[in-house]
Structure formats: C-alpha cells, structure tokens
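Down below is the structure, laid out as structure tokens.
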Amino acid sequence: MRKFTSVKDVADIHKIVGDAIELKEKPLLDSKLGIGKTLGIIFMNPSLRSRISTQKAAMNLGLNTIVINMEKDCWALETRDNVIMDEIAGEHIKEAAAVLGEYCDIIAVRDLPKMKSRDDDYSENFLKKLIEYSDVPVISLECGTLHPLQSLADLITIEENKRIKKPKVVLTWAPHIKPLPQAVPNSFSEWMCRAQREGLLDFVITHPKGLELKSEFTEGATIDYDQNHALSDADFVYVKSWSSYSDYGENFSNGGDWFFDNQKLKFTNDAYVMHCLPVRRGVDIADEILDGPNSLVIKEAGNRVYAAQIILKEILGKL
Amino acid sequence: MRKFTSVKDVADIHKIVGDAIELKEKPLLDSKLGIGKTLGIIFMNPSLRSRISTQKAAMNLGLNTIVINMEKDCWALETRDNVIMDEIAGEHIKEAAAVLGEYCDIIAVRDLPKMKSRDDDYSENFLKKLIEYSDVPVISLECGTLHPLQSLADLITIEENKRIKKPKVVLTWAPHIKPLPQAVPNSFSEWMCRAQREGLLDFVITHPKGLELKSEFTEGATIDYDQNHALSDADFVYVKSWSSYSDYGENFSNGGDWFFDNQKLKFTNDAYVMHCLPVRRGVDIADEILDGPNSLVIKEAGNRVYAAQIILKEILGKL
Amino acid sequence: MRKFTSVKDVADIHKIVGDAIELKEKPLLDSKLGIGKTLGIIFMNPSLRSRISTQKAAMNLGLNTIVINMEKDCWALETRDNVIMDEIAGEHIKEAAAVLGEYCDIIAVRDLPKMKSRDDDYSENFLKKLIEYSDVPVISLECGTLHPLQSLADLITIEENKRIKKPKVVLTWAPHIKPLPQAVPNSFSEWMCRAQREGLLDFVITHPKGLELKSEFTEGATIDYDQNHALSDADFVYVKSWSSYSDYGENFSNGGDWFFDNQKLKFTNDAYVMHCLPVRRGVDIADEILDGPNSLVIKEAGNRVYAAQIILKEILGKL
C-alpha cells in the first residue's frame, strides 16, 4: 500500500477488517516493525480522535511520531501553482511537502474542506500535492472529500457487533447548527457500497431531498427520502449531518424532524447507533441515544487505533 | 492507586516520599514498567513544569506520552449535563473523556479554576467527569481546588532539606498583581496538615484577615495573622499568593507589606524559601531571595519529576 | 562540546562535516547513545525544518524529546534583569531556564530576532541567559544573530555535491516583501569564511550597497557589489534576503533586479542553487530555479537532520 486516501487503496476490505480485529487482540505484536522510522502527523485543523489514535497506533508499531499543527507551529502554506508569493503564505506546499518527505517515512494529514468553493474542496489540491511532492506514503486523516480511516473503523465496528451475517446499515442525515463537510458521509457511503457489493451488508441512505451526496460515492446504495421507512429493520444506524453538495455548503434549515432519538430508534431492529464524533448532544442526536445501550460511538472511536494501525502496518510492509 | 487528585489518595505519605527519594537515585530502574502503555496529558491551560516533568517521569517509566492542548488542538468542550449543544462547544466531556479512555491507560489533566464562580470551580466538574467517563486512572496537574503533585514535590523537598527531625513549615501569603487560585495553597495546606498529624513537621499558615482558605484544607494548622510572629523559628517558608475564598476571586489590594524579602527572612531560622513557580519577581518575592542561598524553588521544581514518577509507578502497579 | 551557537564551538569543521556524512549512511548506528536522556526543544517562533529535523536527529540517537512552544504552551517570559514583573510576563527566564535545566539534559532553542532594536537582537540576551541559568548544553536553532545548524547543513551539502576540490561559493542577496533577519547570512558567511581559511572553498558575498553584514561575520570574504561579476564561475550560489544591518531592519526596496532566475544562473558555472527555506516563490527566487535541476534546497533541508545529529552526538559524548 503506497497511500491510503480512499477505499480504493484497499485490495480486500474483508481481509483488512479481519486483520484489524486480529491485531486488536495483540496490538503490541509488531512493536518492532517501525523501529527507526518516522510518521509525521500533520494537522491543518483541530482533531481529537485522529490526533491521538494515529499516534497510539504508530507507537504500538514502534514508529517515531512527530505531530505538527502546520499553520500554527510552522508557516502558512501556499498551495496554488505559479503565483508570486507576496501574500500571507510564507512557504509553498512544494517545498514543505518535499522537506517533510526528507524527514518522514510516512505522512498522515488532516486538511478539512474550507466549505467555500466546491471545486477547491473536491480538488483535494493540498492532499494531492502533499502526495506528489513528499514522495512518501500519505494517509488521509480527513481531507476535502473523504475520511477513510473513520470508515475503516466503522466497518470494523460493524463487523464486531453484527448479530446477523448480512446486516442492514442505514446512513441517516441529521440536523446541525452549521454546515458540515461531506467527507464523512461520502467516505462511509463509499465503504458501505463496496461492502454491499462484496455481500457483507445492505446499505441504505436517507436524507431530505436536496441533500444528495456526490453520486460517485453512493453508487449501489438505496436512497430513500422517507427516514422512517429507511430505518425499518435497520441493524446499524449511522447518524451524520452534512451540508448540501449541489448548493455547496448551504446548511439545510428545515430538517428538525430528522433529529435522532429513541422515537426514531423504535423504527429500527433495535439498531446499534453510530456516529464519527464529535457530536453536539441535543442537536443531531439525543442524549438518550448517546447514553443508552444501543450507542456504539465510543467503541467506534476506539477502533480508530486499529484502523490506523493496520494501515500503517500495511504501508510499513511495503517500505 | 486508581487516581491521584488529593493527599487522600495516598495511603502512607511518609512511605511515598521515601519511595520518591529512592527512585530519584535511580530514575531509570523501572524503565520497562510502562512499555506499551500510554499516558495522555491534557492541558486546558498553559503549563511549564507540569507539562515537562510529567512527560519526563512517564518516559523514565517507558510509557508512551501523548500531550494535548485540548481546546487548541481539539474542540471546545461542553461540561454541563443535558444542554442542547448549540453554542461554541463542539464536543461534550462525556464523549471526549470516554474516547480518551479508549486511547490512554492513564490520563493526567490540568484544568485551572476560572475564578468566576466559586461553586463552579470547587465542584471540580471537569475533573470529576473526566474520571467518571474515561474510566481510567486520572492524575490532577492542578484543577479547581488542589495541585497534589506540586504538594508531593514540596514534601519531598522538605524531607530532603530538613535540618531537624520535625521542622517548622510556614505558608505565608504574598501580594500579586491579579487574583490567583487557591489550589496550590489549599493543596499545600492539606498535605502539611496530614504531615503534621503524622508527626513529620509543625505547620503554620499566615495571611491577612479575610484571606482564610477553605477550612476543610487547613484542619489542624495554626493560623496566625501576624506574619513576623508566624515566621519566627521557621525552617521552611512557602510563599504564595492567593485570592479571597469568602469574597471569591477578589484580589487583596492592601497586602504590600507581605512581600517576601531578606528583611522577612531575618525573622526565620535561616529558613529555606519555597514557591511553586511561576513567580513574578519583585511582586511577591524579592530577587534577593530567589537569587539567594536560601531559595529551594528550582530543586522543588526538579522534584516534580519524581513526584509524578512515583505516582505513575503506583498506578502502573495496579493497572 | 558544551554548546553549539556558532562555528566557533566546532574544533574542526572539516572533520565534523565528514562525521556527519558518515553518520548519514548509518543514522541508527548510535540509537542507544541517548537512552534515558532528554532533549528539550523550545520554540519562541514558528519552525518547520528545525522542529522536525531536530526531533528526528534526537530520536535517531535514542533521546527522549519534549517540544515546547514556549509562550503558547507555557508562560510569557521576562528576560530583563531586576524589573518588577507587573506586566504581561508571568515567568522570568532565570526560573524558566533553571527549571528546564532540571528536566532536560540538552536544550535546543529558536528565538528569532524581533527586528526592532539591533542592540537587543545582537545581544542574544535570551540565548545567553538560557545557557547561563539552565546550566546544560544549549543548541541554537536560530537566534538573534546566527543559525549554525543551518550553516553546518549547508556545508555538508556543499561537500556532498562539489564537483571540484575547491569550489567557488557565492552568497547573493535577494529581494523580499519584508525585512528579514541577518542570522542566516551572518551564519553562512561565518562558516564559509572559516571554510575558506581552511582551504575548502572560495567565498564571495554580493549584495546592493548598504546591505553590508556585520563585519565580524564576513572577515576574509570577498565582497562584490556587482552581482553578475560575483556570480561568474560560481559552483554554488546561496540565495538569501536580509534587511539592513546599518539602518537596522530596514527593507531594501530597490533590489528587484537581484531576483534570482535562470538568467542569473547563466552567469555561473552551472552552479547549484541553495536556500535555507522557507522561500517565497517568485519573490526572491524564480519557480524555474526551485523546480529546476540545479536546486539543492530539499537536499539541504534533509541534511538538517545529520547536522543536528552530529552535534547532539558530540554533546552526548561529553555529558
């Protein structure tokens, strides 16, 4: 594996989930694998889970870790080509990435979409240039369009908790106080569609009309605008807010009845409830869900360690 | 030991001080004890001594360390229960703590009092919820009411430097340019009262009237409003400013003559002078004291490593 | 070696460059040398290369590293003597340095000149007090007047890439959008003058009149105000902007024709082009240079690891 920015970088998702679950049993089994090698973990934005779980995964493998809040610890970066750099940015991604590539054997990066221009965000310009100019394997910790380590952790969590061979998994939109990126739902959908194609589960997406995700990430999913209907018989419900893709970044103000609480849970097959976190209690999910027995959100976050670790292990194996 | 937030968490203070002094001789003796385990060190506020000494202590024990400036690196946290999270806080302490508990075997935390509401600060809401929801051992690096690692380092320093079996220790209030928390003097007093009960020293507190600490932390201490009298025959003087507990957070503007300098030192038994640091030179203590031969402030700060290390060792032994 | 703040701290520059190149072949050969010892890396300002390369070098030697953004993570520092600390600074460098000395076996520090007062910047007050009060070996990561690890990395890069025994090295001034410190050119010049004295190369400095560096750093260098003439037959060109030393911190607004591009390169002996980074593309150097085959800037940055590592190794050998 030379990079991990999408489910497309994984040859066999069933195998990688199985390997991750195995590794979870003995997380220190490969504690010498990364000795003398360095993982650079680069943040353009805040992060709790990605920050800590990635460090922990790396340390489990014996890797050195260097964590950088890029624009606070270092310099504001220019990412456009062929501009005269007479503005705020003091360094170009070309140099910054190449220098990171000198110091790091692997780079993990978070660069959230700025939610101003769809073209800019979906170009994943920063991520692509980091990959190109660093010339080392790069792992996405959520970038413009996808959050693949989250989705891998989600699939691990589903695999660990499923009560039937082929569970029904529903991604349901939820309201929020501000427009959120589509990276998590895009990525979850991409992974679930792949899992569905491989016969691992059935996948349904439900959201208000107008909140369709970009179709390349939802190919094969059933899209159902009737939330109650979509939830029926669900074994896992993934609750997530996102803003409009077509009317880019616009928040959907009319979705209060999509709030997920115990009333909604009743439509399901006593489903497990998932969320990538952070979550605003009382805004998209009710306290009674998060504090109740059906919530998997903490275990899901816990699995971020093993998602990161199996990917780091795969990459280390190819260095 | 399942947590360390007060002297009450220590079964035998005499023994723990002795163990710390022993460990100081050979700090790397247990360098394999923490292998494969992770200490999360969480800061809600700035820190120099706690930040570095805790990392160093952990590394001496072979622990992995992950340091987080919580609200800068991650998300602003909501700590109230049952609120609709439609304000600035993007994550609830319930989730943040539980997730930290997934990633860390032990958590150390600094959460200084905000000095606005006594009830809020003294409730130690954040610390208590971190303990409850993380479900792993938690070490306080100064929270709402106490700073126990500082006090343990102080007691180690007294034990190492005492010239008589049962020295007289005096906590003396000092002026400051702004209202400071009571956590350090509360904690020092709590530890010294315990040490006095166990026959290790005599303890006197001196401060202007109106600056009484909360009585639960001063039980057994002699309180003397006459500084000169209190200082007489002192073997150790602990200089510290704090603001009013009764008129909460109010600074005491009339205490200029409580400034600690060589004139004050003359009243003592050539006492050693202690301070938790940081200190504002010329405001609460004179340069001549800090630069003079009686100051223990640097050694005291150095002992923060061994205070942290003995506590981490105790906790690791019970994991 | 008890400190590293200037070329003067190096007994034999030829040997240290050779040792660094040797160590680059087997960077993990001494991976036990620093076990149980701690390097504190202190930043008063942003840093990418110094930040990561120093950590990496330390980890290659088995050192523990603790990285501090001093005034964000800790407290604002007072560096003047005998002042009443009733302003913003909450801690004095005397205490902060002494405490760091308790926790760290070696300290590396970046403290960029503030560009307001030449006397203040050139006094290196902060660095000197850190050395005095910490009482442990200190490594400069660029302070008021010099950036010796950069210069050592530069000399390593010249040694690795030279095509003739005694190459001609030219330091050429370049325009910028704001006044930059003189630390990099001072330091480069100090190292090159030393290398020239030892017969390793010929050294020429070219810049507009009025931009003379402080003479103590340029002793022995040929200073040529005619850029084209200076560049002729150059084997290495070091491009760097700096502001006026005599009219301190004043930017030179009239130097547009000193911009370094392929036209300028033609005057040279197909020279390698060097720069300490970060660089503003299109402002001091053209994209065509940075993206072209003559640029050494990334390799130069990469050599920061081995510059730091050989210095740390020297210091560890004397601890």
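To keep things simple, chains are lettered A, B and C as they appear, and every chain counts its residues starting from 1.
Criterion: contacts are C-beta pairs under 8 Å (C-beta built on N, C-alpha and C of every residue); 3 or more make two chains touch, one makes a residue touch a chain.
Since we're looking at a predicted model, the values are computed, not measured.
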Joint neighbours of chain C and chain A, given as chain labels: B
Rotation, 0 to 180 degrees and nearest 5, that superposes chain A on copy chain B via CA atoms: 120
Approximate Å spacing (C-alpha centroids) for the pair chain B, chain C: 39
Contacts with 2+ other chains: residues of chain A: 72
Residue ranges of chain B in contact with chain A within the complex: 36, 38, 40, 64, 66, 68, 72-75, 78, 82-86, 90-92, 94-96, 98-100, 102-104
Complex contact set, residues of chain C against chain A: 27-28, 31, 43, 46-49, 51-53, 55-56, 59-60, 69, 72, 177, 277-283, 287, 290-291, 297-299, 301-302, 305
